[in-house]
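Shared between the two complexes below is subunit A, which pairs with subunit B and subunit C, respectively.
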Partner chain A sequence: MTISIPTAVLIIVLGLVGIGIYALLTTRHLIKVIVALQLLVKGAMLALVLAGHLTGQDDLGQSLAITVIIADTIVAVIGMALAVQVRRVVGTLDLRSLTSLRR
Partner chain B sequence: MVHGLIAAVTLVCAIQAVRATRLLVSALWLAGASALVALEMYLLGAPEIAVIELSVGAGLVTVLFVFAINLTGEENLDARRMIPRPLAWTMLFIAGALLLIFILPGINQPATGQVYGAFREIFWEDRQLDTLLQIIMILAGVLGVLGLLSDQKTGQIAPYEEHGA
Partner chain C sequence: MAELLILLTIGLPWLGALFCWAAGDRHPRLQHGLAVAFSLAAGIAALLLIPFGKDQVLITLSVGGAFGNFTFSPDGLGVFLAAVATVIGSLAVIFSVDYMRSEDQLGRYYAFVLFFIGAMVGLVLTTNLLLMFAFWEITALTSYALISFHNDDLKAVAGGIKALIITQFGGLGLLIGALVLFANTGSYDILTIIANPGILPAGALAWMAFGCLAAGAAKSAQFPFQTWLPDAMEAPTPVSALIHAATMVNAGVYLLARFFPAFEGVPGWREAVMAVGMLSALLAAVMAIFATDLKRVLAYSTVSQLGYMVYAVGAGGIFAAQFHLLSHSVFKALLFLGAGAVIHSVGTRDMRQMGGLGKNMPFVRLVFVIGALALAGLPVLNGFWSKELILEAGLAHGNPLWMLFVMLVVSGLTAFYSFRMVWLVFYGQPRAELHAHDAGPAMKVALAPLAIGTLTTWLLAGSFSRLLSESLPAHQIAAHSTGEILLEVLTAPITLIALLVIALGLVCWWQRDRLAGVKRALTGLQITATNSFGFEAVNRAVVLGAQNSAEKLRSTQTGVLGWNVAYLVIALIGVLAILLLGVGLP
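And now, the complex of A and B:
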């Protein structure tokens, strides 16, 4: 059985989005949340390139994918800087412990 | 066959990135998944994006992960979960079903959109607002990191204290 490139990419997109959503829902570690977000966004980015490929607008899809890559990287960088600071102030990276605004 | 294999290995990398108990191992699996996503992009006919994804997604972000993990240290919280597993699976199935409902009807339709032109023209001429927003995002990111990683000599945040009873 041969799998064409769009089918394989569609499987990857669905898999990455699924794994990303599941990990986002279950994990309590701040850095693991960023990992899950990265996986989710990689799926979305691949979906943009695939959509461009399937509709014959490859270049438009790629142009949008660049924007997503940059936004994703900025989110990761800010998230990790936030994690370092949270660890310094709160002493843990457990999301359940970040309730100091709920006093 | 090769494409199926690439898809399988990518998903294994992604699952391991989520499952690994050590954060450093998790970051390395994520880098592997990122590299394979870049390979798929190349096979889809998007070499520019593949190069950017490989250098930024698999390179820069991994270095930043290692840097952040070194600063924060390993902390194993995997035994406890944010929400129960059955609820997470239910929500995942609902999300997957919605995704398939929206994707599948359009996947075999002929292309109707207008083909604009070369990647360079679209990126620099048609989507100038995107480029501007990217510059603003990068500047905001730099300022945000500088603000977060500064020593905060003025206006220091008080350490968190438990207010029980």
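And now, the complex of A and C:
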């Protein structure tokens, strides 16, 4: 049984997105949330490149991926900065302690 | 040339809005001047645009595949309503110079008024349904902001939010119509669907037709959405005259008239439109008879007259509907601005405290009486001709006669409440110590053209019908000269009947003391009418239900990240499932 390259990439995409969502659903640690978000977005990025390749628009998919990389870096940086502040103000990185909506 | 004029008519008010806002509230004189200058310039541009009226797309803004091209076309309906919006808009702005003299935050006021005028022009000139929806919502937003202009007054804020919610509900209908059109044809072009409604499957066309009916009814304050307009009367009176009498509420009638050739074949649509118009006209006229707040009487009469127009569209009388729209815009703006002059002078809106004001404000009484006579539909004034044309349209095309009978009764009620209003405000003995003074100079400048318009716009019937018939081929409007139209009205038997009914309404008001027994018998009706026939109770129940269910759903808002992600994933799976199953849109 041979697996074509697009199929392999698709499997990797699904793996990354699946791990990301699973981690987001289960983790309560803010740093881990940011890591999970990174994994998720990397999967989405790979999916963009793959979609560009499959529709014959390699350049479009890749330039979109680069755009996502830039946006995603900013997300990571700001997330980390927020984590530092949360640690300083709240004293813990546990997400449950950040919940203020519940009555 | 025409392209430039279209851009100017939309762009000038918007530029003016920016300038008025940027001028800063410390320079009220500059703000007044800028607003008057820009609105007048827009009015002139719109009037110059009228001779260019034809059904041809002149401006095309390409914005990519998802939205289709943003197109503008100066056809008869569009240029006519653009002229009404900008000319009455500029008169309302001139009136505001006196009316809003001592108010703070003029920048916010004028910016929203001018923003509204530009959006209204865009709404009627565009031929892209999605762009029309965008303009539609901008007018709703500015209407909300201006109703709640006195944002320290709870009633004003509540009225604004009510108007926003109810018109949004109708706006959804328009959005559904636009999306159905796009899903089936891949474009938002209005002209295509009007010229050839067959490109949509019958089911989809029905969705679109009734979506647009809901949108039009909500915007024009028609049954069952009529409750927002009376509460919108908390707005400054020039705003009521411009937005809630002369322009924005006409957008619903415009929408129905615009799409009439596409929707008239939809089973039940025309009957539904006529029924909506008839019920609105009847219920609102009864409520106007019992109302005691001057502006609310005018608001109810607006709903009632808009009901006439909607009825006429359903009856197939597009020309009659649009002609009455023109007449109504002029005389109702006159009535509202006249009422504004009275309220500004005496400081109350309660007609029970007024009375005998005519002696101190003869000019306002003169123009107000002209407006009221037109509203009652008495001969020679513009309201007479257009209302008779509507009744004639109700007689044609095999429309149900009992609906026409109801409309005739309503015209009698209209005469009755018009005279009651005039009498309570300007004649009789003063009922309270009110210090009335006549209108200021800017108010007179705004009132005089409207009074002259009320006396003369019926002379435009011929050129108006020619404009519509030449530029709206799909609507099949026959062009007649003014003389032909007037002769047709005068010789129609329905005119005589209507005049008799109107006279009966007048006699009822004249002999009101002898009819005291009848009045007592109608006490039950009075109580029901002042309670808006139970519609307010429905509104309250809806609001309460929404609040209660929100309180119950509150437990789902945990604020825990894991749950939020879970909801996202579940929604995503739902969307994917719908796509995989290929559930078709209507």
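The criterion applied here is as follows: the second predicted complex is superposed on the first by the 98 of 103 C-alpha atoms of A that agree within 3 Å, B and C clash if a C-alpha of one lies under 4 Å from a C-alpha of the other, contacts with A are read in each partner's own complex, and residues count from 1 in each chain.
One rule holds in what follows: a contact is a pair of C-beta atoms (placed from the backbone, for glycine too) under 8 Å apart; a residue touches a chain by one contact, two chains touch by 3 or more.
Every value quoted in this text rests on a predicted model; they were computed, and no experiment measured them.
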*Thinking of the overlay built on chain A, is A:Val9 touched by subunit B (first), by subunit C (second), by both, or by neither?*
first
*Does the superposition put A:Ser63 against subunit B (first), subunit C (second), both, or neither?*
first
*In the superposed arrangement, which partner chain does A:His53 touch: subunit B (first), subunit C (second), both, or neither?*
first
*Contacts of A:Thr26 with subunit B and subunit C, given as first, second, both or neither*: both
*More subunit A residues touched by subunit B or by subunit C?*
B
*Which parts of subunit A are touched by subunit B and by subunit C alike?*
21, 25-28, 95-96, 100, 103
*Footprint of subunit A on subunit B - complex, ascending*: 1, 3-4, 6-7, 10-11, 14-15, 17-18, 23, 26-27, 30, 33-34, 37, 40-41, 43-46, 48-49, 52-53, 56-57, 60-61, 64-65, 67-69, 71-73, 75, 77-78, 80-83, 85, 87-89, 91-92, 95-96, 99-100, 103, 107, 111-119, 121-123, 126-127, 130, 133-134, 137-138, 140-141, 144-145, 148-149, 157, 159-160, 163
*Where on subunit C is subunit A touching in the complex?*
554, 557-562, 565-566, 569
*Mind listing the subunit A positions that touch subunit B in their complex?*
1-12, 14-23, 25-29, 31-32, 34-36, 38-39, 42, 45-46, 49-50, 52-67, 69-74, 76-78, 80-85, 87, 89-96, 100, 103
*Tell me, which parts of subunit A touch subunit C in their complex?*
21, 24-28, 33, 95-96, 98-103
